[in-house]
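As written, the chain order gives the labels A, B, C and D, with residue 1 at the start of each chain.
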Amino acid sequence: MIFGSDNMAPVHPAAMAALAQANTGYTTSYGTEDAMKQVTAQIRDLFEAPEAAVYLVATGTAANALALAVYTQPYQSVFCHELAHVNMDECGAPEFFTNGAKLVELTGADGKITPDTLRAKAAGFRNPDIHRVQFGSLSIANVTETGSVYTPAEITALTAAARDCGMASYLDGARLANAIVAAGCTPAEMTWKAGIDVVSFGGTKNGLMGVEAVILFDPQKAWEFELRRKRAGHLFSKHRFLAAQMQAYLRDDLWRQLASRANAAGAELEQALASVDGFAPLYRRDANLMFAKWPRAGHERAQAAGAYYYDEPEAHGKNGAPDDLLTARLVCNWNTTSEEIAQFAALVRG
Amino acid sequence: MIFGSDNMAPVHPAAMAALAQANTGYTTSYGTEDAMKQVTAQIRDLFEAPEAAVYLVATGTAANALALAVYTQPYQSVFCHELAHVNMDECGAPEFFTNGAKLVELTGADGKITPDTLRAKAAGFRNPDIHRVQFGSLSIANVTETGSVYTPAEITALTAAARDCGMASYLDGARLANAIVAAGCTPAEMTWKAGIDVVSFGGTKNGLMGVEAVILFDPQKAWEFELRRKRAGHLFSKHRFLAAQMQAYLRDDLWRQLASRANAAGAELEQALASVDGFAPLYRRDANLMFAKWPRAGHERAQAAGAYYYDEPEAHGKNGAPDDLLTARLVCNWNTTSEEIAQFAALVRG
Amino acid sequence: MIFGSDNMAPVHPAAMAALAQANTGYTTSYGTEDAMKQVTAQIRDLFEAPEAAVYLVATGTAANALALAVYTQPYQSVFCHELAHVNMDECGAPEFFTNGAKLVELTGADGKITPDTLRAKAAGFRNPDIHRVQFGSLSIANVTETGSVYTPAEITALTAAARDCGMASYLDGARLANAIVAAGCTPAEMTWKAGIDVVSFGGTKNGLMGVEAVILFDPQKAWEFELRRKRAGHLFSKHRFLAAQMQAYLRDDLWRQLASRANAAGAELEQALASVDGFAPLYRRDANLMFAKWPRAGHERAQAAGAYYYDEPEAHGKNGAPDDLLTARLVCNWNTTSEEIAQFAALVRG
Amino acid sequence: MIFGSDNMAPVHPAAMAALAQANTGYTTSYGTEDAMKQVTAQIRDLFEAPEAAVYLVATGTAANALALAVYTQPYQSVFCHELAHVNMDECGAPEFFTNGAKLVELTGADGKITPDTLRAKAAGFRNPDIHRVQFGSLSIANVTETGSVYTPAEITALTAAARDCGMASYLDGARLANAIVAAGCTPAEMTWKAGIDVVSFGGTKNGLMGVEAVILFDPQKAWEFELRRKRAGHLFSKHRFLAAQMQAYLRDDLWRQLASRANAAGAELEQALASVDGFAPLYRRDANLMFAKWPRAGHERAQAAGAYYYDEPEAHGKNGAPDDLLTARLVCNWNTTSEEIAQFAALVRG
């Protein structure tokens, strides 16, 4: 009954096997190995982007911060939702990698930004105005930090608003596989066809050991990305082991299988809890992640029996109420079983 | 009828005379001249702070950003009002000088933060939490960006809340003279006695050509400040001309005389406009600066006759209403005459 | 016949087995797993440093740049050999992580700095002098970039000279295991007992997949290191797989066995080449790495037969001579066999 | 007998008069005043560069660091002479403003770089190589830090070598007036006609209070420069007083008159000292600045009589010799009289 985070889950056997298979003899290092060439070709195919530049890093924060740095000058800004991972959960990595760009917080229901909110906030900056930071980039996440999923149409509208301001658009895809599955669209439809300039395609939360692809649809940004990755210590010498994981992820659409299972588990979990007395979701759930509240006794029973998940009181600002409801963030993953969901729901229900 | 900014005003004759007087023969450079020793001694006296380190820079942005950099690590944050100059009007200077610290926006009536708002926002950061930026400093301005003035008691309460979180407290004193006059307190009461760690004492907006003193009450921070100032290109070689201006400012409390006149003009202006039909202040005015709205026709009459002031619609979020009221920011200064106020009010009134 | 780099070598089977073993079920993330607690305890034991803070990162550049950032302010400097990896091979990572500290280049035979060179260079900075960058840290590598090894006595003398200037001392230990084996000393003797404040203990070049430990002998620096690591995107969510590798490395002194083999191979290789006509080492070789030159024909024969190694002409400034001698960097590793050495030497000899 | 620095000298009366004249009533701020428009037009005329963007800052370090930041990415480098002001005397300002670019030191007689030295050093970087910092810009100063002057032909050859590497070329013109006078060329011949992309035109050391113009020959860099200047706190609100000084400087070629006098004084001083027993210049003197050594007794006599100048032993590495010769840096300025030169030389001679 572990719903703490998809990064607490084990690595999928196929990824482990790929690592073992990659460990044969000598290979050139720093991403020059053949496996990386294949990864690039496969991702270009998958995203229908034959010119795209593709790079691998080992953490989601590295992917986010490097992608934003390529598109945001120090005297510019990143517009994002106030609850965004880049804004709240990376100890200022985007500010570090961009050399001090400002993250501009937007609000919005279900962790989503709307084009109207973006335009209204942007208007307050009166760009170009020498006294203000300038527009650099828009950063959205899909799946969002609160568990909802933007549709391709929503992304298209958002990136259009961003483009009107002169902003590039980044999609934090730490859970991109889950978002694509949830939206029922193609990778291209969710990204460049929707106006996204650069996207991360996360593997770590979806069954890999530690790999995220960053896909730059404008290959002219490739060299700068490479230099920033190296300078940030994120170019691996034994890079073949990143490439191997990504190969496993792409083979037979493993990424899709795993995300499908995680999303299905999320739906099961929501349904199982829905009948709990006092249960109330905080945001719309579209994938494998949800925030919800229910009476304290249900928490105590589940936790006493070994259930593990995060309490997220302050950031989501809903707790401490006299009504004795406590908030939880619950995350399913590729490895979550229907049995543990049922067991957990039974405990919560009491 | 110039109410555009106190930095549009001329330099007071005493400051001009001091520049001429300082221009005799050779002097050592980079702040080692005797005049600076006297400035330090005088400011220590004025602020009743015999150990304080005192430095001069030429712009308010330099003063703010350097002071914050000394007290805020890159992985930390600066808590400030969302309308603060450091947040909105310096093109990201605090982020640059701190190497990427995050400015955390607080809201509050009249451009002021309250201890409760500060504590509530801080709670959401759950510090120490490795995923969040850490608490670095609180930055408040007096006079605030909207024209109100914190009392020493209010500052004391705020810095206590900040200290509870482990934050240092910076007071942006671009208009400190005006704030001190408005509050009827001593410089010490408004600063270190109220828990402030570092303060700027602005001269540029109050009759000087371009000088701000930065006063660090903890002399252990002095050397780091000096290094950061040099590294930022803000250590003047012909520093004697900064010192000379500050000497003029301190002589016979010129700073107080000029601020008193500017504040009095602000009060006159507010009173003169109060009877205008449809006139409505946006914030409390305590010193020489105010935001207010009134019918469009009054704006047109005044501007046609040569009145000059800023429209600040977006940042202050009050315009565009169908009621035909337009917002203005009006700033008086040491040189504002009662005649131009009367003339302006008459035009607005129609 | 691969002498390109120790990072082209495969991962040792024990490390692969440890990864598989760590992949059982759920674990907490971000370094909070039990395995990391054991790693910390084991490294404290190995280094006889019961208070040391121990962290894992995945690349040598991350280890170097983070360690230096903790000990070097932006307005300070890092003194290092002009050929140092931190100076030449990290695309400016130390400058990035320190927010712009200056790397001050020292010269010295065999890639080594001497206390006299350090003192002489430092004297030129006349610290404290507001116009100069200040002394921050000394960075040395062991094994050095050219293949020599500092003895504990040499390190002690160097760190004493650094301390006299107020510099902290960092030891880049990407090949620390090889250096310890070569010097025949204990880890403690080569590090804190010799005045080192912070050291990296590299695994990637010595049989692991991608792990370096950073050991801070002053635990008061721990939290800052953690924050900088997170902010740089170098805190792994599935951190257990870093810990697992390091556990394998520490078990039965695997690090020592592998380094011993690599060093022995280096000695064999040097000996085998010594009799080649025209063979000349560029620097003293103490471990698994050497630079040498020999006639062009020998290079051509070896490379035609599949030998792989780097030509390093410019940085080491010895090529282009009319004598037809070409320089090579040759690196052995834990997996290098006596057979390939013999085969290679035979080809070079012709 | 003050030969300490040209920044110890008084401000020329014409500049003081211009300040007084500019202090009439209200003006718009932040460089939007009419006077700045005139300055731009005049400098475009003087430099025969009708498209150039022209900005004013108050310190030479600000001018240098901002200009370099516009042309040097964080992952790039600035090639400069090891004795350059940007390298040795700005506490790392270029590193700060560029967000961590690396300054690459070149050697060369008389404080000058040659194209051969530049090409040889550049070759060692093997750009493009992901492990190295990339080529960003070349920075030279004229007058150089040691008192020599590059001819337009020398600059042309250097910038051509830089361009071959993909580097832009910056000319630190803190003493540009002196260099132009010494070379007997036009401002255009020394700058854009010689391949310079951006130049500072210093006033502070040549009779102004604190103004340097930065001239960007590529107007496409203008807006970025403006943003960086603002973000660095170097955009003055009462900017009219910078413009006024520069207007005085340009009127009737005051800059040329003052530099001519300073250079002539330099020549007089050199000639007067040449006959001193044991006198030896360290570098070629072409303008108002020289380094020389002579016996200790001469120093003691002059200093006892009130002469003031800098000893520069370490950076210029020539002192401490057993021969009892001590090095001095001697700087003349627009205000230096033939009488003080004669008096000084007599004292040194004994």
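The definition used in the following text is that a contact is a pair of C-beta atoms (placed from the backbone, for glycine too) under 8 Å apart; a residue touches a chain by one contact, two chains touch by 3 or more.
No experiment lies behind these values; they were computed from the predicted model shown.
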For this session: Report which of A-C and C-D is connected by more C-beta pairs in contact.
Result: A-C
For this session: With centres defined as the mean of C-alpha atoms, identify the chain lying farthest from subunit B.
Result: C
Problem set entry | Whole-Å separation of chain centres (CA-atom averages), subunit A against subunit D | 50
Seminar exercise, completed: Separation of the C-alpha centres, subunit C versus subunit D, in whole Å, is 41
Problem set entry | Centre-to-centre distance between subunit C and subunit A (centres being mean Cα positions), rounded to whole Å | 34
For this session: Quick one: which residues in subunit C touch 2 or more of the other chains?
Result: 74-75, 90-92, 96, 99-100, 130-131, 134, 227, 230-231, 235
Exercise. Considering the complex alone, what residue numbers of subunit B touch subunit D?
Worked result: 2, 4-5, 7-11, 16, 19-20, 23-29, 57-66, 90-93, 96-97, 204-205, 209-210, 227, 230-238, 241, 308
Exercise. Subunit D touches which residues of subunit A in the complex?
Worked result: 30, 73-75, 99-100, 128, 130-131, 134, 223-224, 226-228, 230-231, 235
Problem set entry | subunit B - residues contacting subunit A, complex | 74-75, 77, 88-92, 95-96, 98-103, 105, 123-126, 130-134, 314-315, 317
